[in-house]
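In what comes next, chain A is part of two complexes: it sits with chain B in the first one and with chain C in the second one.
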Partner chain A sequence: MVDEATQREAIRAAAEAVADRLEDEKTHLTDLDSAIGDADHGSNLARGFRAAADAVVDDDESTPQELVKTIGVTLISEVGGASGPLYGGSIMSASATLDDGLTAESSVAFAEAYLEKVKDRGDAQLGAKTMVDALTPAVHTFKKSIEVDELPPLTALAKATAAAERGVEYTVPLRAQKGRASFLGWRSVGHQDPGATSTWFIMQELLDVADDYLDGEVDVDASSPTIPEETPDEEES
Partner chain B sequence: MIGLVVVSHSHAAAEGICELAAQMGGDAPLEPAGGDGDGGIGTDADRIGEAIAAADQGEGVVVLVDLGSAVMNAELAIEMTEANATIADAPILEGALNAAVEATNKKATVDSVLEKAEEARTYRKVS
Partner chain C sequence: MKKLINDPETVVDEMLEGMLAAYPGELRRLDDTEVMVRADAPVSGKVGIVSGGGSGHEPTHAGFIGDGMLDGAAAGEVFTSPTADQLNEMIEACDSGEGVLCVVKNYEGDVMNFETAGEMAEMEDVDVRQVVVNDDVAVEDSLYTSGRRGVAGTIFVHKVAGAKAAEGADLEEVERVANKMIDNVATMGVALTSCVTPDKGEPTFDLPDDEIELGIGIHGEPGTERTDMMSADEITDHLTENVLEDLDLDEGQEIITMVNGMGGTPQSELFILNRRLQEIVDDHGLDTWDAWVGDYMTSLDMMGASITVAAVDDELKDLLEAPADTPALTV
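After this line comes the complex of A and B, so read on.
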C-alpha cells in the first residue's frame, strides 16, 4: 500500500480530474437529461464536484477516509435533486470501508458498498435504465478481477471502466422504470441514461488518475480471458 | 406535539400545502422544505434537515414528500438528524391535511400521525 500522503494526493487529483471532466461534459449530460429527465444533471454534477474538489484541495491533515467522506458530504450539500443523495450520500456511506486507507481490498469493499447504497437509496434494480446499469457490471468486474483473477488493481479498474461503458450502452434500448424518465414510459426507449453516462465518465477519470500512481495494463477489454474456477464470495449478485 | 415537514420540488407548493394544512391543524408545527435552496426546482437534504430540526418539539416529526429525489433527500436528512423523523407513504397534500389534524390530538404519536397521513392513499376524487 502506498503511504498516506500519496493516497491523499491521489484522492485530491481524482476529485480535481472528475470536476474538470464533468465541467467539460456539462452540456452533453444536460442534453441527455433534457431528453428524458429534468435537464439539470450536467450543471448539478459539475457544480457539486467542483465544490467537492475545492473542499479537499488544501487538506493535508485528513486521512484518506476523511477526504473521501468530505467529498460525499460536500456533494450532498451542493448537488440538487436525486444526484445529491445518490452520488454524495453513497460516497459518504461507502467511505466507512476505508478505515485502513486505499488498498486493493478496501477498494473492492468501497465499490460494493457504493453500489449497494445507490440501489437501496434509489430503490433501483438492474435494467431500470439508471446508473445501476453502469455500476453493476463495473463493480462485479472489478471484484472478480481483483479477487479471482488477481489482476493488478489498475488493470482491474480498467476492466471495470470498460464494463461501465457496456452498461451505458445497455441503457439505450431500455424503458425507464425510475426517476423522472419513468413518467415518459415508452418515449424513454432509445435514449442513453445520463446517470449511467456520468458514472462512466467519473470512472474514466479515476482510471486516468490511478494510472499515474499504479502499475498495470489499462488498455483492456471488459470481458475476462479466463473462466473463473470459483465465483467471488458475494452475499447477493 | 408531533411536527410536520412538507418536502416538495417546488418552494411554492411546499408553502401552499403548509398553508392549507395549517387551516386544519393550526397548532401543529408545520415546516415547508421546498425547492433546491437556490430558488430553483428541486430538493435539498440540508434544507430538509433544518426543517426537521425546526418542527421537532422532542416528540418526533412526520415528513410528507412529493416525487423521487424528495424521498431520497428526506431519507438522507433523517439519517443525519437526531430527531425521531419518519417519511409518510402518502399523497403529499391530502396526507399533510390528515397529519395536521391528527397532530393536534393530545394523544398523537409519530405512529398515529403516520397512520392518518397514510390513510389519505385511499381517497377517491370521483366515484
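After this line comes the complex of A and C, so read on.
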C-alpha cells in the first residue's frame, strides 16, 4: 500500500486529469447528448469536475477518504440535474468504503458501492442504455481480476477500462429505457450513450494516473488499454 | 415575448428577494442559497416539513411556508431541480431534532437530488424521510419522469403533513398521513397555451390557436392528446372522468376537489370549471366536503387548469381544515 501522502497526491492528480479530459471532450459529449438528451452532459460534467479538482487541489490535510468525499459533494452542488446525484452522490456515498485509504481491496469495495448506488439512484439495470452498461462490466472485471485472478491492481484497472469501452459500444444498438433518452423510444437506437461514454473517459484517466503512481508494473496505454490474456479460473496443473 | 424580468439569469434570485421583502417576519432565506425557511426554523419539538423543486410553479413552493404547512422550500432554476447540497442545507435548517419529512414531486431530478440530500443529512444524524407525490393520471412515463408525475395534489399533501406535524406527531405518523393523502389523490390538467420560460423567451411547445393539449404536465411536457378547442364543460368532463376513473370511488364517498389555475387563466374561468366539476361529482354520487379554486401549482404563464379530486376520511378532513397561516393559503 502506498503511503497516505502519495494517495492524496494521486487522488488530486486524478481529479485534475478527469477535469482536463472532460473539458477536452465537452463538445464530443454534448454532441452525443444532443442526439438523445438535452445537450448539457458535456458542459455540466466538465464544469463539475473542474470545481471538484479545484476543491481538493490545495488540500494537504484531509484523509484520502475525505478527499474523495469532497469530490463527490462538489459534483453534487456543481453538476445538478440528475447527473449531480448519479456521479457525485454515488462517489460521496461510496467514499464510506475508503476508511483504510486506497488499497486494492478497498478499491474493489469502492467500485462495487459506486455501481450499486448508481443503479439504485437511477433505478437502472444493465441494458437500459445508461452509464450502468459501461460501469457493470468494468466493476465486475476489476473485482474478478483482483480477487479471483489476483492480478496486480494496475493490470486489473487496465482490464476494467477495456471492459468499460466494450460496454460503451454495447449501448449503441440498445433502446434507451431510462432518463430523457427513453422518451425517444426506438429513435434512441444507434446512438452511443453519453453517460456510459463519460464513465469510460473517467476510467481511462484513472488508469493513466494509476500508471504514474503504481510503480513496478507493466506500462499501460490508457487510451487503448491492452487486455491481458484471460486468466483461467482454475489453476493449470 | 414580453416578460416582467430584468435578466433571465437573475429571475429566481430576484423573485426570492421580493418575496422576502413582502414577508420579512415570516420568511428567512438561507445565506448563499435559493432556500427559504420559516423565520423561526427549526421549530422546537416539531417534525420539519420541507419541499422544493424547480421555480415557475408559484405560489408553490415557498408560498406554503408557515404555521401548519411547510418549514422550508428550495427553489431551483425555472423547471430545474434544486441541487442536493441546497436541499441538504434546507433539511438541516428545518430539523429540530425530531426529523424532517421531504415532500417530493415525482420528477427524476427532484427525486434523485432529494434522495442524495437525505443521505447527506443522515451523515449529520438527521432523521429524514421522503414521500413522493404522483397524482397525475394523464401519463405513465414522461419527458422528466418514470411513473406518474407529481402535480397539484401535492398541495393537499403539504397541508396534511404540515397539520400533523403541528399537532406534535412524530416523523413516522407524519409520513403515514402524507402517504395516505398521496394514495387518495388524483389530478389531470389541460393547456390552452404553452408556457414561456424566461431563458427561452418563446413558447416551449407549439399549440395552434384552435387546439388544446389534454393531460399536460406542469413544465409543458406533452400530454395524452391534442384536440380541437372544446367548451369549458366538455374539458371539465374529460379531465374529471379520467380522474374519477383512476380513483374508482364508492358512491357516497366524501371528497375534496381543487380547480387549479396554470398561471395564465382568469379566476372567472376557474370558477366556470368548478361549477361543472361539482355537477359531475354529484352525478357520480360523490359528496364534496370542500372545494378549492385558485392558482396553487402553476406553470409560469400557461393558460390552462388542472382538476384534482381526493377521497377524504375523518382523519384527512381534520388535517385539511386545521389552521394554516402561509403567504398563499390561510385556513
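Keep in mind that, in the parts below, the second predicted complex is superposed on the first by the 214 of 237 C-alpha atoms of A that agree within 3 Å, B and C clash if a C-alpha of one lies under 4 Å from a C-alpha of the other, contacts with A are read in each partner's own complex, and residues count from 1 in each chain.
Basically, a contact is a pair of C-beta atoms (placed from the backbone, for glycine too) under 8 Å apart; a residue touches a chain by one contact, two chains touch by 3 or more.
Nothing here was measured: the structure is a model prediction, and the numbers come from that model.
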Quick check on the superposition: with chain A as the shared anchor, is it clash or fit for chain B versus chain C? clash
Mind working out whether A:D40 is in touch with chain B, chain C, both or neither, as first, second, both or neither? first
Touching A:V56, do we find chain B (first), chain C (second), both, or neither? neither
Most chain A residues touched (candidates chain B, chain C): C
Please indicate which partner A:A94 is in contact with in the superposed arrangement: first for chain B, second for chain C, both, or neither. neither
Taking 200-208, 272-280 or 290-298 from chain C, which overlaps chain B after aligning chain A? 290-298
For chain A, which residues lie in the overlap of the chain B contacts and the chain C contacts? 76-77, 80-82, 84-86, 89, 121-122, 178-180
Touching chain A in the complex: which residues of chain C? 76, 80-81, 83-86, 108-109, 112-113, 115-116, 119-120, 141-144, 146
Write out the stretch or stretches of chain B touching chain A in their complex. 36-38, 40-46, 67-69, 72-73, 75-76
Mind pulling up the chain A residues that touch chain C in the complex? 73, 76-78, 80-82, 84-86, 88-89, 92-93, 121-123, 178-180, 182-183
Chain A residues touching chain B in their complex are 38, 40, 76-77, 80-86, 89, 121-122, 178-180
